[in-house]
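In order of appearance the chains are A, B and C, and numbering begins at 1 in each one.
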Amino acid sequence: MVGGFGGSMATVVQEKLKAEVRNLSFYYNQVQALKDVNLPIAENRITALIGPSGCGKTTYLRCFNRMHDLYPGNRYEGEIILYPDELNIISPKIDPIEVRMRISMVFQKPNPFPKTLYENVAYGLRVRGENKMSLLDEKVEKALRQAALWDEVNGRIHDLAFNLSGGQQQRLCIARALATDPEILLFDEPTSALDPTATLKIEELIMKLKRDLTIIIVTHNMQQAARVSDYTAFMYLGEIIEFDKTEKMFTRPSKKLTEDYITGRFG
Amino acid sequence: MKERAIEGILLLGALSSIFITLSIVFILFYEAAGFFKDVSIWEFVTGRQWTPLFAQPKFGILPLVCGTLLVTGIAVLVALPVGLIVAVYLSEYAPHKIREVAKPILELLAAVPTVVYGYFALLFLTPILRNFIPELSGFNALSPGIIMGVMIVPYVSSVSEDAMKAVPMHIREGSYATGATKFQTAFRVIIPSAFSGIAAAFIIGISRAIGETMVVAIAAGMMPNLTLNPIEPIQTLTAYIVGVSLGDVPHGTIEYKTIFAAGITLFFMTLFLNILGFWFRRRIREVY
Amino acid sequence: MVQKKDPRGLLTMPHDEKITQEIRRRIAHNKFRDHLFWIIGLFSTLIGFVVLFTLIIDLFTDGFPRLSWSFLTSYPSRFPEKAGVLSAWVGTTLVMMVTAAAAVPLGIAAGVYLEEYSKKNWLTHLIEINMNNLAGVPSIIYGLLALGLFVYFLKLGESILTGGLTLGLLILPMVVISTRESIKAIPNSIREASYALGATKWQTIKGHILPYSISGILTGMIIGLSRAIGETAPIITVGALTFIAFLPSSPVTSSFPFFSFKWLFDPFTVMPIQMFNWVSRPQKEFHLNAAAAGIILLLMTLVMNGFAIYLRYKFRKRIKW
């Protein structure tokens, strides 16, 4: 289970995998946005994706929860294997909804629903048919605690979500994603719309979360990737240029392109 | 100098809308005042018979108001749910080809002259409904009500659809990412987000039904009737005005005054609706 | 779920088969509702189509046999076989001319003012509120307005002029709105280019704004007229007759000055009123006439709507911003 494919990536991850990306290509109509991507995703670890705008990192992330299926003209090739049941989650035979019930996402711009805080967090549970008040109460509180929001909003969880600040709204979205006990949590540039204080809070939160689940985070902020993640992949023009333990990637990158990006020579 | 003159002329054009509104209000109130000099407001509002042209005239507006509300109620029962469902279907579900065909058809539905709908209600729908409801009278509230409902669907659906399309994509994605289906996303997230627009659509639909004239004039009957039974003939406020106007209506006669009394009642009903809609939208804006 | 520790001491969470099955069951349940709604939605959309289709078929089966040259050139009559729509369609044409003459200049003026001149002050706000409100006023109230104002106060009588003015006021909001939309679509860079060359506001409007928005304005006008053609209630209220066996005076006369305005003050009828009159009679033969009139009316409306859509398409191709 420790990476079954050739290349330099085979030896990078020596621990248990939660997922494995094999020869993933992706096409927006005729345009190829991802070229033969291979990547192991370690369980209970944070894997970061960095790269300049347009390199395909968000496209890659959105393959994991089949978001591309919402729009016509998109096509996947290759596999993303989910462990332990060895399911290829981008197979057309697998329902995207099933994938989304196991893999949650937090978006770049906080997108709470026009509902109360409580109903926002409970939304995923209600979608799964969970309507018992006592169970919902319990799970909502647990999720809000995990998202480090409980202390701030306890007492007003039946207020509308729009009254929260930007940072709080994003943590609410994280709570919403956590309430359904996902196996993998995807973060799409989660702090790019937030101020530095809110950003710090969320980074601390993400690092605590890896205890319970596997995290993939896309970020255009290299320092964030360096601070937060265990493994980092550098992407450019739809390909993975380099993948390594974060510490090694940022101190002794093996490829020149990676080094140029990290030192700010482009992008 | 010439520029100022031109601006002045154009301003006059723009002011015409204010002028028209003022004229409507003025004429209605002025002529209705003439009516209420002879008839007490109390009798008007509470009387249960409307027979202004009899030897012993009765001036209770309730039968006409009731007729209007009955037909409107039936129309709204058809138009609001169907309109909303069509809007959700077209904005969230329908493939491009179906939308291309459905939207022009809905526009056409709204463009058909109302006399033609009246003809259809009287001569086609009523006989068909008679098969299911033998006691259905030739003039009734059910048939025009249903036709009006279908007629109004395009108004409700197009305004609702615009409201739903305005909900940003990232809110939709947030819902889908939780594993929700289209149905769950549409009804639990998008409709609440688009609520004020949908409320506006509903109010437009109700307004349109209240003000409709020809369909009811042709198919509902010309006899005021204080009833809530849709199989009986009734007369609406609008049909009354048309009915009287078909004859000679010299200025200052009692017939002349009654149509303005009916008119001002209609005016207040639609005004009330407009204010309701306005208030609704203010509240929603505060909340969201 | 049981948590295990593997030999390296890392916590593992084996995926529970039961949970997958439960998820799949729940998804199936949700998707069932989803598909059910798909069917309901399609069905609801079809209702409109079915009604329209049935209406047209019904109208044609009853009315088509009655359509003939003599139908178009005869006056109404007590005898249904002899009755025709001559006075009606002539009346409609003349009234539409007055309607257009009233609504178009006024509507364009208002639209241009609101888009090019007005500032965001209380007056503009008031004008806009009124415009939106008027679009929702029932048409019969316009009839009452016209009765009091045009027929009696201004003493224009129960004439073509009154009818045309009434309908003109009715469709005014439509013309204004479509004028505004067309003008809004013109990018500011065009205006700035004109001003930069030293043109005045009116020169810019005359030379650029109006010509470029003319297609939208025309479309709005045609759609407004197609609505006006079918309007019955306000015209009845201002006293159009339901049975006239003569035509209004001709606009063109045989002696100097070769045209007259007398027709504006003549009594008249219009197509929808003729149809209404025939449908209200008990004899079935008159209903057939009504159906025939309905076909003509429907055709007029559809042709105008279709023409407006065609214009919109054609002009959109010519001017690409």
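Basically, a residue touches a chain if its C-beta (ideal position, glycine included) is under 8 Å from a C-beta of that chain, and two chains touch if they have at least 3 such contacts.
Since the structure is predicted, the reported quantities are computational estimates derived from the model, not experimental observations.
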item: Subunit C reached from subunit B - shortest hop count over touching chains; value: 1
item: Chain located farthest away, centre of subunit C as origin (C-alpha); value: A
item: Between subunit C and subunit B, distance of the C-alpha-averaged centres to the nearest whole Å; value: 16
item: Rounded Å distance between subunit A and subunit B, as computed from the means of their C-alpha atoms; value: 50
item: Touching two or more other chains - residues of subunit A; value: 97-98, 101, 127-128
item: Residues of subunit C whose C-beta touches two or more other chains; value: 27, 30-31
item: Two or more partner chains touched - positions in subunit B; value: 179-181, 184
item: Subunit B to subunit A touching residues, read off their complex; value: 170-171, 173-181, 184, 188-189, 192-193, 287-288
item: Residues of subunit C defined as touching subunit B within the complex; value: 27, 30-31, 33-34, 37-38, 40-42, 44-45, 47-49, 51-52, 54-55, 58-59, 62, 105-110, 112-114, 117-118, 126-127, 130-131, 133-134, 136-145, 147-149, 152, 169, 172-173, 176, 200-202, 226-227, 229-233, 236-237, 239, 242, 272, 275-276, 279-280, 287, 290-291, 294, 297-298, 301-302, 305
item: Contacting residues of subunit B [partner subunit C, same complex]; value: 2-3, 6-7, 9-18, 20-21, 23-24, 27-28, 30-31, 82, 85-86, 88-90, 93-94, 98, 102, 105-109, 111-120, 122-124, 147, 150, 153-154, 179-184, 186, 204, 207-208, 210-214, 217-218, 238, 241-242, 245-246, 249, 251, 259-260, 263, 266-267, 270, 274
item: Complex contacts: residues of subunit C adjacent to subunit A; value: 6, 8, 10-15, 20, 23-24, 26-27, 29-31
item: Contacting residues of subunit A [partner subunit B, same complex]; value: 65, 67, 70, 97-98, 100-101, 104-105, 107, 109, 111-115, 123-124, 126-128, 160, 162, 173, 176-177, 180
